[in-house]
Amino acid sequence: AGAAGDTSRDQLLTVPREDMGTFTRNFNPFSPKVGPMTKEAIYEPLMVHSPADGKDTPWLATKWEQAKDGRSITFTLRDGVKWSDGKPLTAADVVYTFGLQKKLLGGFDYLDKVTAPDAHTVTFAFNKPFSPSVYEIAGHFILPEHIWAKIKDPAKFTNPDPVGTGPYTKVEKFESQSFELRKNPSYWQPEKQHIAGLRLLAFSGNDSANLAFTNGEVDWTQSFVPDIEKSFVAKDKKHNHYWFPATGAMINWQLNTTKAPFDDPAVRKALSMAVDRDKITKVAMNGYANPADCTGLAGTYDSWRDASVVNSPSCDWTKHDVKAAAKALDAAGYKEKGGKRTLKNGKPFTLDISVGSASSDWISVANIIKQNLAEVGITANVKSPDWAAVQTTYDMGTFDSGIVWSGNGATPYEFYRGVMSTKVVQPVNKKATENYHRFGDKKADQLIDAFAAATDEKTQHAKADGLQKLFAEDAPVVPLFTGPEWGAYTDTRFTGWPTAQNPYATLSNRSVSTVLILTTLKPVRG
Amino acid sequence: MRLVLRNLGFYLLAFWASLTLNFLLPRFMPGDPVSRMFAQAQGSMRPDQIAQLQKLFGLDHRPLWEQYLGYVKSVFTGDLGISISRFPTPVSDVIGSQIGWTLLLGITALITAAVLGNLLGIVAAWRRGGFLDSAFPPLLVFVGSFPYFWLAMGALYLFGVTLGWFPLRHAYDVGLTPGLNGEFLSNVVSHLFLPALTIVLVSVGGWMLGMRNSMIATNAEDYITMAEAKGLSPSRIMFRYAARNAMLPSVTNFGMALGFMVGGALLTEVVFAYPGIGYQLLNAVQGLDYPLMQGIFLTITAAVLLANFIVDLVHVRLDPRVRVR
Amino acid sequence: MSEPVHLDESVHGDKPLLQVRGLTKEFQVGSVFSRRRVRAVGAVDFDLPKGRITALVGESGSGKSTIARCLIRLEQPTAGSVLLDGEDILRTERRRASRAYRRKVQMVFQDPFGSLNPVHRIEHFLTRALVLHGRPATRETLRELMETVGLTEDMLDSYPHELSGGQRQRVAIARALAVEPELILADEPTSMLDVSVRVGILNLMRRLRDERGISMLYITHDLGSARYLADTTLVMFAGELVEGGDSLAVMDAPAHPYTRLLLSAVPDPERAGGYDPVERARLREAVLHPTDCPYDDGSCSAETPVRHVVGEDAGQPHWVRCHLYAPAPDIAHRVLKTADTPDPEAENTPV
Amino acid sequence: MEPVLDVRHLRVEYRGDGRSVVGADDVSFSVGPGEIFGLAGESGCGKSTIANAVMRLLKPPAEITAGSVRFQGRDVLAMGAKELRSFRWREIAMVFQSAMNSLNPVLTIGEQLGDIFTTHEKLKRRAARERAGALLELVGIDPGRLKAYPHQLSGGMRQRVVIAMAVALEPRMLIMDEPTTALDVVVQQEIMAQIRDLQRDLGFSVLFITHDMSLMVELSDRMGVMYGGRLVELAPARELFAQPLHPYTEALMNAFPPLTGPRAELTGLFDAPRTADSCGFHVRCPADRADCSANIPDLREVAPGRWAALTGGGAR
Amino acid sequence: MTVTDAAVRPLAPPAGKKRSGRPGLGRRLLRNKKALSGAVLLAVFAALALLAPVLEPGDPSLINSTGGAAPSGAHWLGTTAKGQDVLALTLWGARSSLLVGATVGLAATAVALLIGLASAYFGRIVDDVLSLVTNIFLLIPGLPLLVILAAFLPPGTTTVVVVLVITGWAGSARVLRAQAKSIRGKDFVAASVVTGERPLRIMFREILPNMASVVMTTLLGCVIFGIGAQAGLEFLGLGDASVVSWGTNLYWAGNDGALMTGAWWAFVPSGLCIALVAFALAMVNYAVDEITNPRLRDRRSRKHKEA
């Protein structure tokens, strides 16, 4: 039952996992490297937020309501949802799931209490007003209490035969190189189970996965395909498509602000001006990413961007301008002599850019930055040890600079909190888990807290505008580009894919919105 | 018997040494698996999960020697811990489901290369200066000079993608149910062909040259002259007298080669997406999955040691002289 | 049964150069996991007198080379003492012999093809020997050395492979002579050489003794050459000395069954009639299975016997370790009178 | 009586890169039925070369460039591969210098003995084994040792096994190339006695090679002395021992210190080896043959049955 | 009759040329066809590596634009997906690859030599321990260990070298030990001891010169190993990706999907270079073996050898 050319109506949707050379039968959603499609096709959340169009789709919950004071939120569960073993979904399941989550993985610090006033209602009480919580809570998978409560050590439970509410829950033909997920017989929206099932394939890396993809043996990939126009689309222009909405996390060049001269915003901005973002996105990222702007919100949070900030001259520091960069550096006191710039202490202006060795595209990004810096007389060294080693220097604040991701959520709250809040700043040599560049601003703190407390979008937007201004002034990090959500597919066997015209979800096959695709695709009848 | 025990002693010691090495290595590595995972997630993981994950994985904070004792004990009870990157699958499960393929690939390639190389070597030495002797060694040395992975990729694109003669990946076709039937087995063979071929191509030259030189040296021995003087037939002299003796160094090499084969298989597995533990090891290393890394390394080492031990036993059978020593 | 007699061979008035007492060497064979001990030499006693050549003969593997290697300190003996000028060098020089000792005792190896490093010129060997022992390596000294052993100066620039076996062995002797030793241990110095040049080397050794008064321990298989060259002959069998005495006396009137067997085996066209095969079979039996020795009249115990004196020649006792020979009291008495040093063998005899 | 082996003007060259070495030159001798013929001479004089040439065992770079080898009238040098295989061992067998190396270390004694019968007599394995056992008994080894590997036997036993192999097919002739050099005198003597017994029983001729003159004289009927690839003297053993004609033979005789009699100074061979312009002996030669300073002259019969490579004079 | 002309035995030293040692290994190698072709090939690569800055000035890894151009007059070997000139990358890559190969070769051989000599010279417990360690290193699967080690040392050429030396010395040590041990057993070593030479001098002045060909063989083997293993490590992404070497070239080619997009020119040159260098080294090695092992020497005439 090969995938290629099969349009028998019973064809399986073939999805590769380029990051899993082999599969192990583990469908425990708490596990960091859980079996593919566990959180997408087996377990479902209360609500599905799609970053592609920013829409929220009610899922296991039909509606939710935030308390006026922002200190609680109440979900109403959908009627008639059944687990794949036929038992009904109840509010107790939701309560149990969050209890287990806090016990096993923690998080949800703001969550005070989860209660189920009745079988269809769940209330989440917070210890402070916290509006971003809705996405986190509603996006969380829900587990059946009647199964999990019996497990002695749920953390170490491999859950070989999962019971979930999702569309495809039945594990079949499990091999280390592939397995199948078949229809959930008790699915709550059977009319949307158009496809017979999913087939997951294991690949030892992008190369082999891409080979299968360009050969038409899998339907849908999110691995990076080099020169996709030539290697994929050109093979079958009619059916082969790709789409990369800019919805990912902002990728920044972050400079260690505890070190001179990077403590000087003028220097950070000057360096930023030297960087050729166009070349970075076109060459290093193969044109699959969009350049950032001075708010750090371009792409993913376009709707939050404040035009007054974006269009003001204070936003020029993310535009490539070698002369201006050189001038700014001169002005800041870093003079050039014989093509080389010196620091204030007379030493040559050099810096390291650390990137994990596994991220080859980011190494290219760093190499381009290195070339750009050479144009303004600064010598950069690209250091690419293993990520673990890089991470240690980030954690301890001993690095010079690095290419780093940032928090990504439904609102800019995570992003700004991560790069500007004093609350997440750690002293050098104390382990930090975010804000490695160690920049904090009290003014930003106020805005961030207010943002979290606000329950209406208008207030949130106002606070976000303030944060943008601060960001554009301080340049806590040098934003480079939005990490795209890669995705490509062929519609020879299945139709109904999200596209730029119909962006109901991203083309990711491992995000919350994946279930939207699974319940939309229809097999092509041969 | 004493020899066997002595060898067993050596192998146990070697195993202990690699066990210890294995224990120490990851503990000197910078960073920890959770931060590593966090770095890999690139923004999709929340920072506050780090401490929790560490708790979940049960990262050890006991004194080193206590960890060591616990480690040794658990290894000998067959407990290799729980994989971090595959949490919560036990390491032994991860390895168990894949080592078979690595062994299949490695051993097939090794045996093919050794048998083929040795035969070529025997014939080349016997027909000194003949076609086989003059044309083959440089050719095979040249082919053998290519890196495994390069040859593998070349073969994959040439025979797999362009010509379509062989499958491109995996140990057998997806959707096929493993079983001892002709269809499945032939499918496995067709998947095995290219990966094994690349390893054989790279290594066969070494076998041939080794055997050839060994044969030439043996041919100069007095007992060969004696056999000739006895009027034995050439084929009998070639195989029973010359090759049998010339083979002895090859037998020892065979054990040693197994270790190298695993290395070659590792690179080849990556290229052909062959579901063995080679690729898994690379992943474990990149994910700082100590338990899995240790488990795989230990399993490979144990397999190699075991194979060497068996080879030693075979050697004892083949060479009566070592029996007394 | 008579009392065992211990004697000291130093019947010549002056003290011997080297006194070996209870020298034992056990080898450990096998690897770390299976050590076994093999006794190559078991508690031998003998003296090497000044200015004389002592031959050590015996079958292959009887421990002759091992004795030489212990004396030159290439091996550390398991037990025993080696007295040089009354000082036990095994104790004073624990691990490795000092240069001072090697200045007095030198060695010539069996294989002249193997004992000269093929990568060096002849000059190197002599120069190193001279320099290491503080003698100036002038061209003059080198020439003298070469001439002493019957070589020409121009060979100094040659490589060993350019010389014949006999010439190489002469170089090896020259190297030993370079340090002006008092004793040279020669381990089968002629066995690897062509028959035709053997005599030349033997004659050279004789000359060195006669002209320079150098003592030698000549180890050999070849009884004829031992008789030709050595003043004293010691017969070794399975790690033990079984007979000893003046060379002519030992060869002409061998006492121990092993010595007799050895002599009977040497091809000698001039020997009248030779030994008869029956006698040889009896000897063989006696040697291979000493417990049912055909010569045993019941007085023989399984223990290794102590030395019995069977005669005296050229002022030396001719002794043998065999129960067949109860000591003739008068000889024993005469010899015992000259024995002035206490015999350490008394403590560690039968093994 | 027709000789068993007749070697005429045999010349063997070793062709190396550029220069070639003559291993044997113009060697002629014959061995009669039941005769023990000895070939003596120092190392490298060409003894083994001749033995190997007779068996056609020479491998490159050695090459027979002249002469003939006839065995019972058959031309050995003209034999084809197949004929050669049956000729070897059935007609003429050989005992090599070192028993340690001429036995295959990984096959049992029984297998190696049996090989001969399975090849030449087409016997089944079992029958071959039985014959092998009988052979072992012949040389005084317990047939139980058939299962032993060579290294499990002592040097003397191994050499006996090789001798047993050599007489397996009761060949007409046995070539023994220094069969006892590596052995103890005692063992050597026993082996030689054994050979003598076998020869008496089976009646084969022997080509016996050694450098030990005493041994040779004791054993052989007639002997030849080789020097530098050439025969320099050929005579009945006792006569040669009593009165060597060639100076080299004399020197050889003089190289073995006697076991009896007074200690007389031996001269041995003076260290004047062959060079391009000296055979090394002409200084000792009688005055009338000063013309041959470089070449060893051809053999000539100086007395009935006595041949020597001397140009003039004759017996001294 | 011409007996003596050819039958002269070289007993006396030749009268004329006094200083004739054995013909040197080097000279004999130059006379061997295999060795010569190998050496020439190596010399060419070494020259290209040295001249890279002259032939292709500037930073070879400069990222220009989206490239992927096929070979042409402007770029003889085409460009990579990032617009880097493949010829420049290949030439510059030779520098790192050859340097690493040579360093690894020398260092691993040196370690192996020290261990082998010490093991052979001192014998007994020293030998037991060193052999044990050697055998353990020999048995532990190399590449997996390499992968693990490479991952946990800081990246860079030094690390690669160190890691390769750690995993590469054992095989050579075994060979060298065996050889040294056989030489140790020779009488000339005992003779040196008796003469009073010090251990170090004996090891390096007496034993070592006799092992020249084996040392050479292991050295070449180690260089081959070094180049190949470095390429393997870098291909797996465990090397230093910011260094230009043949291994990283292949890594980037793989990353850019060179084969998938049909850009074979990004993939072939570096692999071929590795193979050619390894081949050249192997040929020299083969020749050394042939020269020093008389049994393997070419035979001129073998016509009349019967079956």
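When the chains are written out, they are named A, B, C, D and E in that same order, and each has its own residue count from 1.
Operating definition for what follows: a contact is a pair of C-beta atoms (placed from the backbone, for glycine too) under 8 Å apart; a residue touches a chain by one contact, two chains touch by 3 or more.
Remember, predicted model here, so these are calculated numbers, not experimental data.
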Touching chain A and chain E alike are B
In terms of mean CA position, the chain most removed from chain C is A
Taking each chain's centre as the mean of its CA atoms, the one lying farthest from the centre of chain D is chain A
So, in whole Å, the Cα centroid of chain B is separated from that of chain D by 53
Taking each chain's centre as the mean of its CA atoms, chain C sits from chain E at a distance in Å of 50
Chain-centre distance (mean CA atoms) for chain A and chain D, in whole Å, is 91
Two or more other chains are touched by the chain B residues 10, 29-30, 161, 270, 286
Touching at least 2 other chains, the residues of chain D are 84, 273
So chain A residues touching two or more other chains come to 207, 211, 358, 386, 388-389
In the complex, the residues of chain C that touch chain E are 31-32, 69, 72, 74, 99, 102, 106-107, 109-111, 114-119, 125, 128-129, 132-133, 154-155, 157-159, 161-164, 167, 172, 175, 179
Interface with chain C, chain D side, in the complex: residues 42-43, 184-186, 188-190, 192-193, 211-215, 217-219, 238, 241, 251-252, 254-261, 263, 265-271, 273
Touching chain A in the complex, chain E uses residues 59, 61-66, 68, 81-83, 151-152, 154-155, 237-238, 240-242, 251-252, 254-257, 260-262
Seen from chain E, its contact residues with chain B in the complex are 34, 132, 135-136, 138-149, 151-152, 171, 224, 228, 231-232, 235-238, 250, 254, 259, 267, 271, 274-279, 282-283, 286, 289, 293, 295-296, 298-299, 302, 307
Per the touch rule above, chain A residues touching chain E in the complex are 206-207, 210-211, 214, 225-227, 230-231, 279, 282-284, 286-287, 357-358, 360, 363-364, 367-368, 371, 381-386, 388-389
